[in-house]
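Note that the chains are named A, B and C in the order they appear, and that numbering of residues resets to 1 at the start of each chain.
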Amino acid sequence: MRRGHGVVFWIGFAVVIALLIVAPFVLPEFWRRFLTEILIWGLLAMSSDILIGYTGMISFGHSAFFGLGMYGAAAALLTTDPPNLWLALFYGLIAAAVIAACVAYFSTRLRDIYFAITTLIFSQIFYVVIFTWTAVTGGENGLNFDQPALGFGRALSIPFTPTILHWFVLAVVAGSYLILRRITQSPFGMVLQSIRENEARTRAIGYAVERYKIVAVMLSGLFAGLAGVLYAIQNQFAAPDFVFFLVSGETVIYNVIGGIGTLVGPIVGAAFFLLLREGLSRFLTEYYLIPLGIIFIAIVIFLPQGLLGFARRWLNE
Amino acid sequence: MGIAVDQLLIQTVNGIVTGMILALVSSGLTLIFGIIDVVNFAHGELFMLGAYVGVLTLAVTGNFWLALISASVLIGLLGAAIYLATLRPLIGRDPLTTILATFGISLVLQNYALWQFGPVSRKIAEPIGGQFTLFYLEYPWYRVAVALLSAAIIGGFWLFLKFGTWGIWIRATTQDRVMAQAMGIPVPWVLTGVFAIGSGMAAASGVLFAPFGGVDPTMGLNWILRAFIVVVVGGMGSLGGSIAAAIFISLLEAYASLWVSPSQAVIVSFVVLIVTLLIRPTGLFVATPK
Amino acid sequence: MTGVGVPARGVPEAAAALLAVDRIHTYYGKSHILHGVSLEVGRGEVVGLLGRNGVGKSTTLKAIAGIVHPSEGDIRFEGRSITRLPSHRLARLGIGYVPEDRRIFPLLTVLENLRVGLNRHGVDKARKARLIDKAYTYFPVLAERRNQSGGTLSGGEQQMLAIARAMMLEPKIILLDEPTEGLMPRMVSQIREIIHVLHREEVAVLLVEQNVPLTLEASRRVYFIEKGEVRHHAMASELHVNDAVIHQYLGV
């Protein structure tokens, strides 16, 4: 996004936010929840974009960050009474950060496909551990817990209605978007993109590529964990399914469909995928992934810039 | 803490048997990676579809060997079709795109199988019945046959590479694709052929494995993870490395399942991968690190 | 600048050229490498291409061999346009390519390297055997090392293998890219011998070289390239090693 588009951007942003704020009043219950979920998955996809789109590191590990954020929040919400929102956020982010640190370590030593496979294995390690350590994690059935209230100390405590929750999620996701946008447009972000373009050259110029990668992974992991916390709060359960590597795969799909390296693209991709899934599953029950998968493959081959890239080119012509 | 010797022995043999099947699956994968430079995420699904074709052929003809052959051939053709339709257009692009494309294909194939065959696992009987006495226990003949067959298939392929006319084409293409083409080798077709062969090998493993655990649409997921680990530990593109790594990892898993449940035993392979990546990322079983 | 169809002063036009390169342009990313190169090679003719490093000599050969595709211009072989064809088709049409740094298959044996070019339509076992024998006759050292891996051969031996391998295609023209580069002086005369052999076999040769004496001795005509264009064209017999034009295009 170029500086010249600054005003246009803020106007557009304001319009979208306004629409999203108003949405809960206009939409039926089901779609309201759906919209909130799109925002959460969009946040996850955005976090993944930092690695895939900006640093050029394809990662299947996001389900680990997401899942651990979720379970971290679950831990907080199950162990304190009354369940505390901020503690949930804190635990979730710490859990995600620890995993991100491990993955970050590997990111500096492995390239490309080796890194991708390792992140995949990471997700699976956590999946197996969570799945089998039934005593602590509830195993296959996961954990159920109560929703915390939006509390600011003793004085003010607002229980979450679906609408308030939606606004909370919106605030977090919008805030995350703005933060990530700021970061990707900063010199730091430029270095990341330079690493994606040509790692050897970036190193030759004198940048400590390893350090940048570590920060990128930590950043990505934290926001992914944040998405996990939000999910836990919204749905009040945590399950190992979310740690299975296929979730990472779907995240990558959102990124590619929307357009990598754009931050907004992944959110659009998530919305597109989830809406399409919703629509298709009305006609095709569980096999929606067949046409969806084919659409995905077609986008990879014919629209490598994703929907956003395609829209951009189309608008420019 | 005594583990009976016979348990250890049984697990050793089990490990080798599973290892050979894993070796066959992984050979296809490492071949595709080594020669075409494609990470085939859909490999597990090719394994699974091969098992289904085997089951269906068996139901119709009653002949296991026919099932094995038809599965390999049909899935080999499917592989060629997949390559031509989705991977050929991606030549020259960022390698990331082939991972994505094959991942998409795996989703489509898995759900297709779910749609066509339903989620319930199908069982087929071992084609070679009976057991023999292994030390102090009864051990099924079929398992031994599977190990030998896998070895035979891999061995046959290795001979083909070494001595066949097209084997030279494949080896030349692997070593210098540009010059291979300049020497008249139709490289695009060689690549298609290699993908088909790799797919056929995956399918064959699926059929061989079918009597062990039954056939269901998600069976590919387990194998693809292990196959990736084997390929990395064995050295990407190294046939011998894959075999060694496959047996090594399967043995470790077999021993581990004496202490923990099978679903936890899989962590062993994860650990081996991590260790390999830390100390010798080009492959534990590669002679000289590149 | 001479182009196809415009004969240089005193140079007879090649009748029905085997290979005609017509104003080709190539790019490497944004770099414009060849700026409209034109040349011709007649049947059985040995033609030299001289120029300094980096002027586009190798790129010209690569374009003819189908390894690089020109974005403009045309290349015709035996009258038919081959500009867009992939290199394996060109090999089968009769264009043999021997690249700079040889690029023999390092993990294949000498014999296997030779056999690569033999799997073609209409080549039966007898003919394959004859061709291999021919290779061994012309290059005895290859016969000695027939079961050794290509990667274990010395530089000169690899060069011979690279040429022999191309000959297995029974080509009508062989593109030789700096065959003497990195070779010991006494090997240069071997290369000269090989070019004579090719000429006797009525195989045309397009020789890219920086070794002027060899080129002048072996070629019938010589083109001079500078900065991606053909700047001069003359009969080899009229050129001498110390001519001003040589210094102009090859001097330091």
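Methods note: a contact is a pair of C-beta atoms (placed from the backbone, for glycine too) under 8 Å apart; a residue touches a chain by one contact, two chains touch by 3 or more.
These numbers come from a predicted model, not from an experiment.
K.L.:
Would you identify the chain whose C-alpha centroid lies closest to the centroid of all protein C-alpha atoms displayed?
P.N.:
Central chain: B.
K.L.:
Would you mind checking which chain's C-alpha centre is most distant from the centre of subunit A?
P.N.:
Ranked by distance of C-alpha centres from subunit A, the top chain is C.
K.L.:
From the C-alpha centre of subunit B to that of subunit C, how far is it in Å?
P.N.:
44
K.L.:
Using mean CA coordinates as chain centres, what's the subunit A-subunit B distance in Å?
P.N.:
Roughly 33 Å, centre to centre.
K.L.:
Can you give the whole-Å distance between the Cα centres of subunit A and subunit C?
P.N.:
From the centre of subunit A to the centre of subunit C is 56 Å.
K.L.:
Indicate the residues of subunit B shared as contacts by at least two other chains.
P.N.:
None at all.
K.L.:
Which residues does subunit A have that touch at least 2 chains other than itself?
P.N.:
none
K.L.:
Which positions in subunit C touch two or more other chains at once?
P.N.:
If we look for residues of subunit C contacting two or more partner chains, we find none.
K.L.:
Using the touch definition up top, name the residues of subunit B that touch subunit A in the complex.
P.N.:
My answer: residues 39, 86, 89-90, 93, 95-97, 99-101, 103-105, 107-108, 110-112, 114-115, 225, 228-229, 232, 261, 263-264, 266-267, 270, 273-274, 277-278, 281.
K.L.:
Provide the residue numbers of subunit A that touch subunit B in the complex, in ascending order.
P.N.:
By the definition above, subunit A touches subunit B via 52, 58, 106, 109-110, 112-114, 116-118, 120-121, 124-125, 128-129, 131-132, 249, 252-253, 256, 286-287, 289-290, 292-294, 296-297, 300-301, 304.
K.L.:
Going by the contact rule set out above, which residues of subunit C touch subunit B in the complex?
P.N.:
65-67, 86-88, 90-92, 97, 99, 103-108, 112, 115-117, 119-120, 165-166, 169
K.L.:
Which of the residues in subunit B come into contact with subunit C in the complex?
P.N.:
It is residues 165, 168-169, 171-172, 175-176, 178-188 of subunit B that touch subunit C.
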